[in-house]
Amino acid sequence: MSFFELALGNILSPVVLFFMLGVGAALARSDLSVPEAVAKTLALFLMMSIGLKGGVEVAKQGMSAMLVWTIVAGAALSFLLPIIAYALLRATTGLDAVNAAAVSAHYGSISAVTLAAGIDVLSRVGLVAEGYMVAVAAVMETPAIICALLLARRAAPKAAGASTAELVREASLNGSVIALVGSFFIGWIVGPDGLKPVAPLFIDLFRGVLCIFLLDMGLVAGRGLARAGKHLDMRLLAFGIAMPLISGAIAAFIAAAIGLSVGGTMIFITLAASASYIAAPAAMRIALPEAEPAIYLTLSLGVTFPFNLTLGLPLYLMAAQYLRG
Amino acid sequence: MSFFELALGNILSPVVLFFMLGVGAALARSDLSVPEAVAKTLALFLMMSIGLKGGVEVAKQGMSAMLVWTIVAGAALSFLLPIIAYALLRATTGLDAVNAAAVSAHYGSISAVTLAAGIDVLSRVGLVAEGYMVAVAAVMETPAIICALLLARRAAPKAAGASTAELVREASLNGSVIALVGSFFIGWIVGPDGLKPVAPLFIDLFRGVLCIFLLDMGLVAGRGLARAGKHLDMRLLAFGIAMPLISGAIAAFIAAAIGLSVGGTMIFITLAASASYIAAPAAMRIALPEAEPAIYLTLSLGVTFPFNLTLGLPLYLMAAQYLRG
Amino acid sequence: MSFFELALGNILSPVVLFFMLGVGAALARSDLSVPEAVAKTLALFLMMSIGLKGGVEVAKQGMSAMLVWTIVAGAALSFLLPIIAYALLRATTGLDAVNAAAVSAHYGSISAVTLAAGIDVLSRVGLVAEGYMVAVAAVMETPAIICALLLARRAAPKAAGASTAELVREASLNGSVIALVGSFFIGWIVGPDGLKPVAPLFIDLFRGVLCIFLLDMGLVAGRGLARAGKHLDMRLLAFGIAMPLISGAIAAFIAAAIGLSVGGTMIFITLAASASYIAAPAAMRIALPEAEPAIYLTLSLGVTFPFNLTLGLPLYLMAAQYLRG
Amino acid sequence: MQTFAKKRLEIVIEHPARKGLATILDAQKVTGYSVLPVIAGSGKYGPWDEAGQVTSAEGMVMFICIVDPTHIDRVIEAVYPFIQLRKAIMTVSDVQVVRGERF
Amino acid sequence: MQTFAKKRLEIVIEHPARKGLATILDAQKVTGYSVLPVIAGSGKYGPWDEAGQVTSAEGMVMFICIVDPTHIDRVIEAVYPFIQLRKAIMTVSDVQVVRGERF
Amino acid sequence: MQTFAKKRLEIVIEHPARKGLATILDAQKVTGYSVLPVIAGSGKYGPWDEAGQVTSAEGMVMFICIVDPTHIDRVIEAVYPFIQLRKAIMTVSDVQVVRGERF
């Protein structure tokens, strides 16, 4: 399949179309919305579903030594990416040190919904990733936040609003990480047979729920975009598209070096390329209160997320197929 | 099947029984309730489900020229019905001009949940409507609101709290219209194959979700009825039952003239006979703040909705079968 | 199967594992949470699901005279247990009369989620209970609350914040009782054929929803346990485990005397052994405002519920099999 | 614009006592009140949070009631015995309104 | 710590009028406002409760707006005609703030 | 009925800073506080609305804390440096309470 066919197939999937509906509704200033309590629950559901599936996969395939390498590589990558992002931001955009550090935390950390969409893209071409990629995702959430805080401290010693220890605690006990990792272990323990009675909820409804959640993400991204003019200039916009490509390229080579499957490679690239929009913003409000949320949220949710969802994911799949197919 | 059998079968369906449970619980002053955030989401779900199914139906059947006629007829009917309702209210009840105009907006506009219940009744006898009836429903939401505002302006030039342009914008960007129309187009684009992976959520759960939503509607209708004595007299109650029959009769003849199928005719009658309880009340609070919500909401939710749900729908089905069968 | 195998199979089921995940997350002070509106809806869903299944079961099996006996026995037991609990609390713990009465209400009344988990345990070994056990559960909710209020009035005549009549009304119109009983009758009316179209929601998703709900219960129980030190001493802890065993033993003999099936016996024991955490706390805040919620909630949710869920349920199943198998 | 002095009664009270308090206020013929949700708090028994509850039995709500100064004493005296038994705090403050005859 | 006297405007208004009120406040160039949910209440037409509604069209919200005393009259005069037509109550009270220049 | 003069501290602050503010108030040994949700607002950066968010990281909450007048300065001084860095507004007003010894 050519990239064009892949991208078109992706864009015309219900999941992406509902995202676009959300963006359109927001730009037209419709009052369409998904209540916050429900959006939070759908996010929790997606984490539980991904976690369970990953755990059951590991129960079926057995544990592999590669798990350790992938986790180490993921953690290192998550710590490394903010440095690249920070340098790029400082060199090419006018962003001050504190805001640049805050943005860089988002790009090193991961977006679980981008992961969910990536799994959906994989399943549409009949592929799966290594089950333990779920654990890798969880591990990649925090190091970037620490790294960004260190960067900010070096540049603006007074900016920090919280200690590193506090922050590590906060970030690694983040509800969505716990739900993901917990469900992963539960899936691993109960295995395929234990999954069966809960499969009608956690497996069969996954894609439908993803549609509703992405409708909501579209609404939020659209509302962010409507205000983007105020906070983003062309250089920041360019960063929001260039950075996932850079992260993805680095991840692709690491995945190849480790020897991940096509599915695993695609997911590893996706994780690196995705920008956090839950864990990182919350951590930044605590750790770097002076950084402006409108900048990092608009960039992550309004630029990088839509790019990944529409064009990024098929691209990462092609890259994975090319490298590992 | 006789009307009696149809009506009994309808009343003994889980959907209607849960509605009655809600009414009973409310009248007994139980604290049973469905949280507002969840009720909103269930409504959104029903819109998405109806929209998707309609769109997929159109993808299967192809577009027909009749669509244009049905949409034009629907819009005209929605604009016409408030005039009839207003005249009837002024002639037979003591309602003042502003309140009569506000009530008439509700009867011209449509209730999406009545539509959902109508689709459910159809499916129980193995029928479907033309897929584009979803688009017709969306188009019928707004004209009635405009017409009612014009009526109020003529009678009480100072009553208006908003301009017509503002109101058209507001009403046609209403979240539930956007969800319905958006899902319709998504269903059309993805077709039957694209629907399959999201069908466990959007198709299989439709009826169960309708039960929970109608339980909530029953609670609200019951609470409204408990206060109805204060706001409604016999003449208003009679209006709440006569008006859907009048609207339905007019719609029946239009549907026959256009040449809709049995299912399509039944749905067209249902749309005309249904009274709005989301879009119209919100628009009236903005456009005619002096009108008393207790009147129009009690009438629409406490009288017309229960009538349609229990006796109206089987009647409309029989009429459709008689006219077009 | 030995008790050890049964208990292990139970503890390693997804339902219990998610509960433990919740407890762990709470003890680690994660911010993981299920929004209150959603938790309430999941509870409502579980009631509807249990009620419907019970009603359909009765529609299939037909009504039996034993129903009357079981209901009478259930009501009597619910009224009796608080007296035992109160005496035990006063004799073995330092609790004052008002708090002892408040706690005893919880142990006489029932926990619908423990019932749901009990049904889940039964279904895992391929058993079902008599359908009317649902009605028995509903009947057992209130008498304990009345009895506890009478106990408190005798001991501290000024403690009562509400009249008995008020309280009976309040407790028997409690939303979850209405949902349970209403759905039971709906299930009975519509029978197996009427259930089919709503089964994808109310039957197939039951266990998955139970997982999410128990995750939330685990979070709450864990947060309660974290504060337990302040409010509970060893004697109260011992009560929280001894009391369900006493209640369960009494219930077991009654069930045998009535002649319930293995499944029915197991459920009757479970109902008696379970401690209320919704109806009773709300009633106690109204009727005995001086009683300290931290005591009765921590005991019921933090001690007895986890005990029943992990060890109690398999034990009750074994007892039922031994007595009635 | 001319304004009139009124009293603003603010009561934070546990959720299950909501109906009872409303009944008392109604009996005092106040012209109305508004109820706001409270999602967390801290008091004698330490902090609590809506997220840590399966039931709203433990939660709290806030009543706000604008009362004419001539009635405030009567209202407070009616409310006081009810809230005294319960987890509740009550404050009174001075406010100005434009439509004086409304309260 | 030095404090500055400001006015606190509190408006309880029906949900559908939310956008309209915000537009008026913005036009008065207030430095900001906060909106809180109202879940129940009582007034001329008796009690209402969020739980008894399928739509938020009937619900209410509370605006809180800290305004400099020199602007309060202007703001009230701008808001008054809008809320007069609607279910709404408005009160003004005195408050102290630390960052005086902020409002 | 006899009443006692107290101070009412009202702080609107961003959601992620909730825990931090609670810690500071606890350290000041206030007798308690209540937290209310804020669903929308407007400030320096224009309007925001709960509906436009996937995460509560951007949302706000309102703290209300009744404090004895003898402690208010100390509490404000402890809170001020924390909220100064953040999106927050703080006001103090006079209230009367019945149970004076409670605060």
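So that you can tell them apart, the chains are marked A, B, C, D, E and F in the order they are listed, and the count of residues begins at 1 in each.
The criterion applied here is as follows: contacts are C-beta pairs under 8 Å (C-beta built on N, C-alpha and C of every residue); 3 or more make two chains touch, one makes a residue touch a chain.
All figures in this text were calculated on a predicted structure; none of them were measured in a lab.
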{"item": "Required minimum of steps from subunit B to subunit F, each step between chains that touch", "value": "2"}
{"item": "Distance between chain centroids, defined by C-alpha means - subunit C, subunit D (Å)", "value": "34"}
{"item": "Whole-Å gap separating subunit A and subunit B, where each centre is the average of the chain's CA atoms", "value": "40"}
{"item": "Junction residues of subunit A, two or more chains touched", "value": "31, 33, 35-38, 40, 200, 205"}
{"item": "Sequence positions of subunit D contacting 2 or more other chains", "value": "36-37, 93-94"}
{"item": "Touching chain combinations (by label order)", "value": "A-B, A-C, A-F, B-C, B-E, C-D, D-E, D-F, E-F"}
{"item": "Subunit B residues within the subunit C interface of the complex", "value": "12-14, 17-18, 21, 24-25, 28-38, 200, 204-205, 207-209, 211-212, 215"}
{"item": "Residues of subunit E defined as touching subunit B within the complex", "value": "14-17, 20, 45-46, 50-59, 85-86"}
{"item": "Sites on subunit C touched by subunit B in the complex", "value": "35-38, 40-41, 44-45, 48, 52, 173-176, 178-179, 182-183, 186, 189-190, 194-195, 197-202, 205"}
{"item": "Touch list for subunit E against partner subunit F, complex", "value": "1, 3, 6, 8, 18, 22, 25-26, 31-37, 61, 64, 66, 93-99, 102"}
{"item": "Residues of subunit F that touch subunit E when the two form their complex", "value": "10, 12, 36-44, 47, 60, 62, 73, 76-77, 80, 84, 89-94"}
